[in-house]
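By letter and in written order, the chains are A, B, C, D and E; residue numbering begins at 1 in each of them.
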């Protein structure tokens, strides 16, 4: 699904990504761990076509990231730190707008279903700006998956969610996984990473320092490996 | 916006006490208004004499001056209620301030239409950039801005607070309008009350003065009737939305 | 591509229209701007009449800047701009959508404010009205299209915030100069219509060149 | 209280020095207005002199609004406004700080653009210079103090850019009328200095009343 | 330290807080749990003097919230969802500005120390806008504690932090606790809540539904009680 070769990203003179090589197969659920400022979000942004890499080569589903942006954009759902929602619009209006942008059919019904799924039916018509953090995050998740993308890029998706919403999100990710969706998830929460993912990548200082599969869901293994790699960093 | 409020006013008058029950006061007010309005019409058109130089057009005078007075009164009520709101934070003051400002805008609009009609016949121009005319126009703009603040998005207490602040600031223009011709020695606009520098125009006689007083009384009563009615309507709207919210909450459980 | 652009323009205009206040706001705004000019320049005075062409374009530029600034800055809250960038729409659609929204807004402002202005300053332009309209439209078109482009540029490139104002005026000044001159000739000196037409042609050529250029270059501007 | 206000003003001015965006917009806009008017009028022509007082105040008003708009909207990113509100400083300090920053900005704009204007129109005002300066300062003072207050008020709204002129123009119009009249008398008709002084007194009185009012009322505006 | 009596907050007709009674003693560390949209952040905002309550009575350290705002503001450190940092300024400039606003002495040195403490010495002079989420959160924490407030209001302080930063934060909170600081912390992370706090409050639908002390640090107890109260909510 995703092939990354010698990817680097430089901002001014600062190297943020220093040569990333990575290959992710279709259907995998990959967690990306790493200390603050390691370059995790930057990597996701590159994959989301939001920033151009300085050098290196990326293909997604066979499409070159530089040349076939339109195709890639269509099949990708991206959930960044910010919500990407219009403050003055209600959840429904937001979802309908983005649904239309992605050209999906039967937008209205689909949006209503999604809002119900994330448990905010009662707030369907209220402007998003009055929402609490967790409620905004729920709508943001709905926005990211409205076009049922075969590739999901999630940047700390569990932020601000309560226990119920975490369960909803995990179920969504798992059910999409069953449909064959590939998921990349940046997180600082080892517990969720172990629960959801079958592969863990640790990034430090713009480089991949560890990359292992997680056959049994063992929390200890993850924190051990993380400790080992990141020890003495901050 | 202006026509909007005017229409609302019209519908206010038409839709009679369907929902409103209770005290006798509004009915008395309505009766008194009707009587004085009729009386003032009689006074203006039949009782008082026709002015010598201007002729029948001068009859506009009564509407012109009394609606100006009512506009001032309305804005004064807004001013006082705004201060009271900031001090006490009771929603009722806010409602009074808002409704009163809307009515005041309507009256100012009347002044701004009767004025030019009169001006066309007596100064032979619709409009002149003259202190009182300009300041009156500014007054109208200020209270339009006040209404725009009310239309902002957000919770009511924020809007009420900001509007109250602006209601206090904006009132400063009212005395300016009143004193404009007295300070700036206007060439155009006549002064009738008090002693300005140039005591001309007007030439008011006793019958005219009487008619004027009656029409001022009539419009003041009309104003209080409208105010009372508007506040009732607004309160009703608030209650309805409260019930709606309650229903929704019940559904939520 | 057009579909996406229309969607975007609709969204922008709807979010303005939702409150239903826009038109009221604009009318009052226009009235007030004219009020300010009537303080500044005595409308009764005949020489100050000559100000009107200038005033018209000052209004357009000023209202335009307010709108343009907003147009992309409003997409900064919650990074909604990124939402558009990751969506399967071309950068040129975003440009076109934003341009359409801005252009309709400025047209509404003009439609509302200019009649006021003429009324107030007692100006009669019936005869040359089509020409006047033409100047207005192509002048605003150029100003807004370049403005939209540069607003995108300045809103997006994080390091170069001072670009919008610094670039907008110099780049659009040929349009503005041409528009003021053409307006002046049409409004006060209609015999020289041919020279006004020359100005109009100049503006039109500039418009076309820049619109095409913006269309091509917007791809590079809207990279994050 | 003054200490906090100065801190805030310093912060705003420093961040302006870093990005230079607002100041650049204001100055370039001022330049544009001058440019447009110099097209409209032949600077050499003597009758067009009458326009200059108007042009001066048009510049101040419109450039001022561009700056005022920014002043509170810039505090919305990351909710830094809340940072100020929870800090142990009074609302009036915030007002004073913002006022100082805005006032210095507009003074810079005037300082830069007016000499340019006089040069272009070949105006000599040496004799009455102190009076002229006085009018400028107290006029801008009133305009900016009321403007800062209303900017704080309108920042609560979604379309604050449009709301601000709506609120600001009518409330400040007495100041503007007075300032234009006083400027006109001083620049073209110095014999009537006494009537200019009357205008100046009027403006001063208005300034004082509103400054005090704003100072008292800002507490209510800056509640969240 | 904090006395809340019959506190309600209404936005238009929506009741957000419906009668909160709470009394917190000096030196306590209290975790506030609850589902999304329960009103936790709103409660904190009321205490931070950012919004006026609709009714009810609040005193902090004996000062009335309505009358003695200045005194309360001085002794309170508040960390909301947004960072409250100026984007164009560097961490140092931000901290110096806020330090000055609070009138603390030796601001520059103190700011440098704080930035070092949160592990960002390398970024002392870079504008905050380029920072990663975790880095911003670190600076935001530094901003909240720069005047060593005796009362800390933290709204999901662990958001976006990596393991190292979480340890730093926890140490800061614990060491401030030893100095007698009272802390209110909204969080969705039971683990941190159990580790740090000696009292747990559960809010649901704008009301306090549970309030218990945590003598032994038992994670299970917390999630059990939470489950019990919030069950079936979302």
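Remarks
Heads up, the rule we're going with is that contacts are C-beta pairs under 8 Å (C-beta built on N, C-alpha and C of every residue); 3 or more make two chains touch, one makes a residue touch a chain.
All values derive from a computational prediction rather than experimental measurement.
Number of steps on the shortest path from subunit B to subunit E, with steps defined by chain touch: 1. Between the contact lists of subunit A and subunit C, the overlap consists of B. Each of B-C and D-E has its own count of C-beta contacts, and the greater count is at D-E. Here the CA centre of subunit D is 40 Å from the CA centre of subunit E. Between subunit B and subunit D, the centres computed from C-alpha atoms are 33 Å apart.
Centre-to-centre separation between subunit C and subunit E, using Cα means, comes to 47 Å.
The distance from the centre of subunit C to the centre of subunit D, each centre being the mean of the chain's C-alpha atoms, comes to 25 Å. Contacts with at least two other chains are made by residues 19, 21, 25, 28, 32, 35, 42 of subunit C. Annotation for subunit E: residues 11, 130 touch two or more other chains. Looking at subunit B, one finds that residues 138, 141, 144-145, 148, 153 touch two or more other chains. Contacting chain pairs (ordered by label): A-B, A-C, A-E, B-C, B-D, B-E, C-D, D-E. Listed in rising order, the residues of subunit A touching subunit C in the complex are 45, 48-52, 70, 73-74, 76, 78, 80, 82-89, 97-98, 100-103, 143. By the touch rule above, subunit B contacts subunit A in their complex via residues 153, 248, 251-252.
Touching subunit D in their complex are the following residues of subunit B: 86, 134-135, 138-139, 141-142, 144-145, 148-149, 152-154, 158, 161-162, 164-166, 168-170, 172-173, 176. Remark: subunit A residues 88, 122, 127 touch subunit B in the complex.
Note for the complex: subunit D touches subunit E at residues 3-4, 7, 11, 15, 18-19, 77-80, 82-90, 223-224.
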